[in-house]
Amino acid sequence: MSKAKPPLVRLAEMAPGQWGDFFALLVERTRGARRDGKPFYTCKFRDTLRTATCMIWSDGDFFQACEKDWQEGRFFKIRGTFQEHPTYGPQIEADAIRLATDADKTDGFDPLQFVERTRYDIDGMYQELWTLAETQISDVPLRRLVLTILERQKTPLKHLPATQKHFYPFAGGLLEHLLSVTHTCLHLVDKYVGHYPDLQPPLNRDLVVAGAILHDMGRTLELSDDVASVQPTVPGRLLGHLFLGRDLVRDTARELGDVNPELLQLLEHIIVTHLSLPEWGSPKLPLVPECLIIHHADDLDAKLEMYIRCLTRDKEPGAFTGRDPVLGRQLFKGRQV
Amino acid sequence: MSKAKPPLVRLAEMAPGQWGDFFALLVERTRGARRDGKPFYTCKFRDTLRTATCMIWSDGDFFQACEKDWQEGRFFKIRGTFQEHPTYGPQIEADAIRLATDADKTDGFDPLQFVERTRYDIDGMYQELWTLAETQISDVPLRRLVLTILERQKTPLKHLPATQKHFYPFAGGLLEHLLSVTHTCLHLVDKYVGHYPDLQPPLNRDLVVAGAILHDMGRTLELSDDVASVQPTVPGRLLGHLFLGRDLVRDTARELGDVNPELLQLLEHIIVTHLSLPEWGSPKLPLVPECLIIHHADDLDAKLEMYIRCLTRDKEPGAFTGRDPVLGRQLFKGRQV
Amino acid sequence: MSKAKPPLVRLAEMAPGQWGDFFALLVERTRGARRDGKPFYTCKFRDTLRTATCMIWSDGDFFQACEKDWQEGRFFKIRGTFQEHPTYGPQIEADAIRLATDADKTDGFDPLQFVERTRYDIDGMYQELWTLAETQISDVPLRRLVLTILERQKTPLKHLPATQKHFYPFAGGLLEHLLSVTHTCLHLVDKYVGHYPDLQPPLNRDLVVAGAILHDMGRTLELSDDVASVQPTVPGRLLGHLFLGRDLVRDTARELGDVNPELLQLLEHIIVTHLSLPEWGSPKLPLVPECLIIHHADDLDAKLEMYIRCLTRDKEPGAFTGRDPVLGRQLFKGRQV
Amino acid sequence: MSKAKPPLVRLAEMAPGQWGDFFALLVERTRGARRDGKPFYTCKFRDTLRTATCMIWSDGDFFQACEKDWQEGRFFKIRGTFQEHPTYGPQIEADAIRLATDADKTDGFDPLQFVERTRYDIDGMYQELWTLAETQISDVPLRRLVLTILERQKTPLKHLPATQKHFYPFAGGLLEHLLSVTHTCLHLVDKYVGHYPDLQPPLNRDLVVAGAILHDMGRTLELSDDVASVQPTVPGRLLGHLFLGRDLVRDTARELGDVNPELLQLLEHIIVTHLSLPEWGSPKLPLVPECLIIHHADDLDAKLEMYIRCLTRDKEPGAFTGRDPVLGRQLFKGRQV
Amino acid sequence: MSKAKPPLVRLAEMAPGQWGDFFALLVERTRGARRDGKPFYTCKFRDTLRTATCMIWSDGDFFQACEKDWQEGRFFKIRGTFQEHPTYGPQIEADAIRLATDADKTDGFDPLQFVERTRYDIDGMYQELWTLAETQISDVPLRRLVLTILERQKTPLKHLPATQKHFYPFAGGLLEHLLSVTHTCLHLVDKYVGHYPDLQPPLNRDLVVAGAILHDMGRTLELSDDVASVQPTVPGRLLGHLFLGRDLVRDTARELGDVNPELLQLLEHIIVTHLSLPEWGSPKLPLVPECLIIHHADDLDAKLEMYIRCLTRDKEPGAFTGRDPVLGRQLFKGRQV
Amino acid sequence: MSKAKPPLVRLAEMAPGQWGDFFALLVERTRGARRDGKPFYTCKFRDTLRTATCMIWSDGDFFQACEKDWQEGRFFKIRGTFQEHPTYGPQIEADAIRLATDADKTDGFDPLQFVERTRYDIDGMYQELWTLAETQISDVPLRRLVLTILERQKTPLKHLPATQKHFYPFAGGLLEHLLSVTHTCLHLVDKYVGHYPDLQPPLNRDLVVAGAILHDMGRTLELSDDVASVQPTVPGRLLGHLFLGRDLVRDTARELGDVNPELLQLLEHIIVTHLSLPEWGSPKLPLVPECLIIHHADDLDAKLEMYIRCLTRDKEPGAFTGRDPVLGRQLFKGRQV
């Protein structure tokens, strides 16, 4: 006799012995062999806050599906009982396991709940970036260019990290970064326009805002939009986000047809030079002052995120964090002030 | 019969044939010899806008003084007639020449009028920096530390460039740079305190403001306070402005006696690491996030000044400036937008 | 009474005292002043083999035109007498001087005769490169892509150097370089296809030929097509020939519409990575083996040209050349074998 | 009762339960201890295609020999039964194990069968390289020099890899590399002799061929000629293959006595500079153009081999290979064209 | 019935089955779990020559103390029986375990006996360094400055290594290094004073001796004075030993009040520049010749120690050591001469 | 009537109007032209302390010889009158000028008197170096090797600088450097043999002494032995002094036949690695500790010489020297202590 349909629960909230339906990400699947030579799989499933093991024995129901179809990085819907084993830790005794589908989203399945994500509201950030473009770029064709690109890249913008592993490496991180850099750039360009009133032509505010919003837009093409496992795309590896971002700008501008060619050229130059030096990835040096504003706002925002993430997560004893592999240093955390 | 005392004029405003008293800086003094073997000196004097030549012959009144005492980089009071020679250009026929003295300042002699200087009001900038320290640093002993240093370094702060040749290389440039960096840092720290509300302890606003005001204060000891010819000092070359700036902070804090030792330690760390990398002059890497804010605000402000000065002064034909020897690149100036 | 119309001659072939019409390039124009203060210009005109001076006095016929209109790097038609001055060298006593026009080309005026140029026949080289593309690229759409670009860039291809100062710095040099690199690449790809028969897919011969022909095609947009004075263009400096060359390929392919997208992507990757390392100007590393063939064929051809030009032109006494400023070394020329 | 003498078989071809004599390389020998404290050895033996484990227990016949005499990297003759254990994989139950001897070679034992080796016929390649030297070097004493060295280094040339781990890291790899580089150099020198007919003296074809054959000949002294475990020699580590290769050339030339001293000097220069830059291992920069041909032919051939080996062997899922530790990059393999 | 008080022994000297009291350092403490889920700790204790395991079971007397209080890097007084287990090696069956205290030092407990230390007598080296300062510095105030610092830093000087992991990484290593460098410097300065008799002022012998003794004195503040576990201090990481060493000199000189300011300035310059280059940690280049002597004596002494330690301890088979991670090379040890 | 034969004098000691015979070095020979177009030569001759000009007019006796035969860097015997011109300075009015010959040496002509040279007695230094080799190298064949090389390179050793422009750039400088380095090395090896008594085999004293004497012996082949104009030789530029020095050692050892092969190998390794890093010119890293002693003794001695020469000769006003082009820094000279 089959059990009744269980309630939809969260893996992280299940008590030992509790039975339920839940969604989980398959993060590890390892083949082993028993003493008698029979094979089995050790599968680890997790949601944001808990990882639990599910043993798939060769004589069980799921062995064949596990061997042939299950892949790490996919979501599953699982029906089963949660247990805490004293030695082996959290376990799942599964009654049913199947791949999650788009249809499950109506049941409340949201992949973003299973991966690390920005602390900020993604839709709100997207809307804020849109509003900045709409209200702060006075040149109409340039504004339309930026808004068109924002519209078209909306989906990856809302899912992607800024980078796979370096800075803002979590869902929505790219958007969080672009928004932060754009705010900083707006402040800086206004400040320096005032400081250098005699420069002719003056620092171009529109260009700085557009450059800030678009400087890393190529990352929406450099990274695959797969929530559970962000990877570089083929064009991302073969060309890189500088080329891909400029393509977006150049193609869209050509299609729209009315962007001032000089503005477009400078905007492309800003995208291409925002990493500042060849050894940092920009094949040309910045030749207009607007580049500097975007480069520094970008670099500061990225490095600060790395520092603060490192400080926040570190578990080392003592006054210093463990050596951060990206930063190559041990930060100071033993402070009261 | 001697002439009457002439009016006090400016060299740059004298018409050909006009007689008057004026102050000027000796910028070049070259020994030559006539065909008959008699020596002479070609001296070039200038004020801000005009340079004129004064020939000192071996049988004239000033030869001995010129040979023994006159040094390039010194100011002189000159009585004489201005002429425009068709081939040799502006000339001075001198009746009297003597070193300018402090007493001449009551006559309106101001060395800052003879050198390149900031476009901004120096006293106003100093007051503004003071007010920032007074109002934006909440920790009382730290605030007193900053104000004490500002007070003590007031004189060189008001005269010195930020650097001899690289950025803000003109009188008052150091003050202009410090003020600009402090404003930027204030904006950035407020922004990022808001962005990372969970960081414990939060980004320290007092520390950022104090670090911004003091990060280059060592330059007041690194450069000689001689308006007409700024040179590195002996301690400046033997130790550098990172050590000298930290000395100012450490010694003053010790004297005041009440600065929180942890705050002081972090402030010293910020000064020592504000150049970010060993190859850029900082022997240690930044280990707290506040360093990043100061480094980027500083570096952007310095580089922007270099770019805009280069763009403003360049005389090359074509769409690009001549190669800037400090920046190592030719900037783009052929733009309408 | 005016003289009869003189014969059209070459400056380099005029005997002292000979009168004639000739074309020449203004290579230097310096203002001077006589003792009495009157200004004059010393103008140096040259054709390929001789440089002669023409003095333009303030009371002569050409002074006003010289002061206002004449620019270095322009061609002039001159009527005058050639002289050899014992001290001052070759001189022109001019009866008439005016800017050369396009109409003069029917008179036999050919700017390429006045600048340094390739030893090879330009039209022949262009035809040979065309034929290589036509016969050696088997994929039809890819072949059409290459031929279309060759057709459209024909004019600059026939005039431009490969680089302004580094390698093949003479008219037609770009074509000579592309042809040489393509021949080398053809040999190498055939050789290595044979050496690695098991590679799947095999080294792509079409891709190597197309990459060889197009790798530096961006230089046709990076350098201005002005025979007498090749300069970087604005896009050349703001984006560089890697971006500009890929644009040519990408835009033309899009227009043609039938190029295999994978082939196109790899061709773009080859263009972008042909400088091999970020510090040499390629923001991405080569990720397919075809890149290596093009990089090495290109680099060898460029360096050999520099070596052989340096060895051929050097005038230093002794067994070694003077220090070549681009190569940074003194080559060995004191050999018999 | 002892078994009859079994047939000579290959380990890789034995069926489970099959008994036979075979040769194998000891690749791992690890000491362990049982629960009761008794020691044992786990030995792994392999031929080209299979690795099998042989347990050596403390109370068995081979324990003493294993503990004292057996070394990894040596070949053994084994008599035993092959088994496939469900959990522990391929096993050998040994009846007899002894070190392989030179005498075994008459039995068909060939060490090259147990290590990775070139796909090409080694004797054929050696003969081909010899023929190139014999037919393509016109200067008789230089030709004799090259042939003499080829003759004397024949044995290591036929066994050694080009490098221990970087490129052509398999038996016969050095020969394969030298042959490939020489072919490329021959093509390039003929091409460029034609391209620069005015160079005096012309590019020296003999020198290029000799340099290509000899440039890495020092590796025959840098690496130990031990098929199963190639290691750097003491002179290899203390001096390196540049010095050792030049020694070979210099000593042999001195012995032969008739090599043109200028040719010899240039040949030595080519060997010493073929790595092109100090940071790549050449203490002097190339000062004659022939060096460039050899450097580029060498570098391309080495890098291509690394790329193609990486592409061929990679097992990573996805469009890119795993990160190659020598190349420091992930190559693109997800292509159809 | 409790046993009698056992004799005080050394762990390294205990025979299997022997019972006694001894001091030992806790070097590893790992939590495990039995099959039944009960936790336990595996603790490894060692003195200089032996490491033994002590199992702490959850139902034993020491479990709670172990879980809460025991830390790696601390010393303990242990009463127990030593055993040799055939598989698991040396074991301690403990009757009592408690933290060692200062009071135990009267019992003969000396932490230096448990860590690696200099082969030389520490008190003797300290006395020798003192005597060098006293007899070889002729300038009285400078001599007093050096002696005062030696006196005040006596405790850490006698315990600390020169560096945590790079050179002289053992207790007393800093003293051994300073003494060696000072002897070398004395020899070199005397030699070069004689070689350059015309230099005005001559090489300053006092300065060299003082610089040699004090150049690394900042390390007494950079490293924590905890014998069992030397770690960088907070000021050590935030400022580094160059700043900290100069502070010691500057503060002490200010307190003493009579050091010649010029001497003091040069001494500070020597400390700050003794690493010679920015990328090696000195933000300023050496500007007086005395710096060179100290830099080279220091660098040679440090590197030699690293070489000789590596050669002495290496266990690799063959003629070369394993790759030293600090030196980044494999040293040659297969020599007879 | 010809004058009587004048006395042999020194140019530097001639009074105005004095007539005499003297030897001088032609240091500059420049062609000029008079207003009437007639050519002339301005020749500058000097001995150690004075440079004087001799005008060679086209209608004078020496014009033809000057035009055809005179070369800068050659010595001449001149008969003439010395004059001091008020504007043009020291002049020679020549009666006779001819190339100096070997025969003139009997007249007291010594080229070393005309060039900058070591302050020390060259023969004495050579003898001292010889004695060090003879008394301090205990291994008889090694000692004979060193003495043989010293004997054979005696002539260049006594004339050459250590380097053309970098350190000890004056006649006898190489000998002065070798002697100084050898003394330092002797001290250091004795010191460190004592410090590391347990090293097996101990630091090899013979090897250090031989390495010190021979490390730069390749410079005797790298530089041409032409007193008046030292230049790199062809082998010097094509191979460099590391290869050439090792050749000397290797060839001589082979000829002598009895040097211990291990000692020889290490001696060669020391020569090859004495520059320590590839980017400093050593293609291999030092793998035995003896290398370190020689590297540091060598580098310190070279740098000290550069510092002291720069300090001694500098003419800049102020506390710092002008920027030394080799050292890349401005040294501190404004000191009293």
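The chains carry the letters A, B, C, D, E and F, assigned in the order they are written, with residues numbered from 1 in each.
Basically, a contact is a pair of C-beta atoms (placed from the backbone, for glycine too) under 8 Å apart; a residue touches a chain by one contact, two chains touch by 3 or more.
Quantities reported herein were computed from a predicted structural model and do not represent experimental measurements.
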Other chains in touch with both chain D and chain F: C, E
Chain C against chain A, contact positions shared by both copies (same if over half, else different): same
Chain pair, B-F or B-E, that carries the greater number of C-beta contacts: B-E
Chain centre separation (chain C, chain D; CA means) in Å: 46
Between chain F and chain A, distance of the C-alpha-averaged centres to the nearest whole Å: 65
Touching two or more other chains - residue numbers and ranges from chain B: 234, 237-238, 266, 269, 287, 320, 330, 332
All pairs of touching chains, each written as two labels joined by a dash: A-B, A-C, A-D, A-E, B-C, B-E, B-F, C-D, C-F, D-E, D-F, E-F
Touching residues (chain side chain D, partner chain A) in the complex: 86-87, 318-320, 330, 332, 334
Residues of chain A defined as touching chain D within the complex: 33-37, 231-232, 234, 237-238
Complex interface listing, chain A residues touching chain B: 180, 183-184, 187-188, 191-192, 195-196, 198-199, 201, 204, 207, 260, 262-263, 266, 269, 285, 287-289, 292-293, 296, 299-300, 303-304, 307-308, 311-312, 320, 328-332, 335-337
In the complex with chain F, residue positions of chain D that touch it: 234-235, 237-240, 242-243, 246-247, 250, 265-266, 268-269, 272, 278-279, 281-284, 287
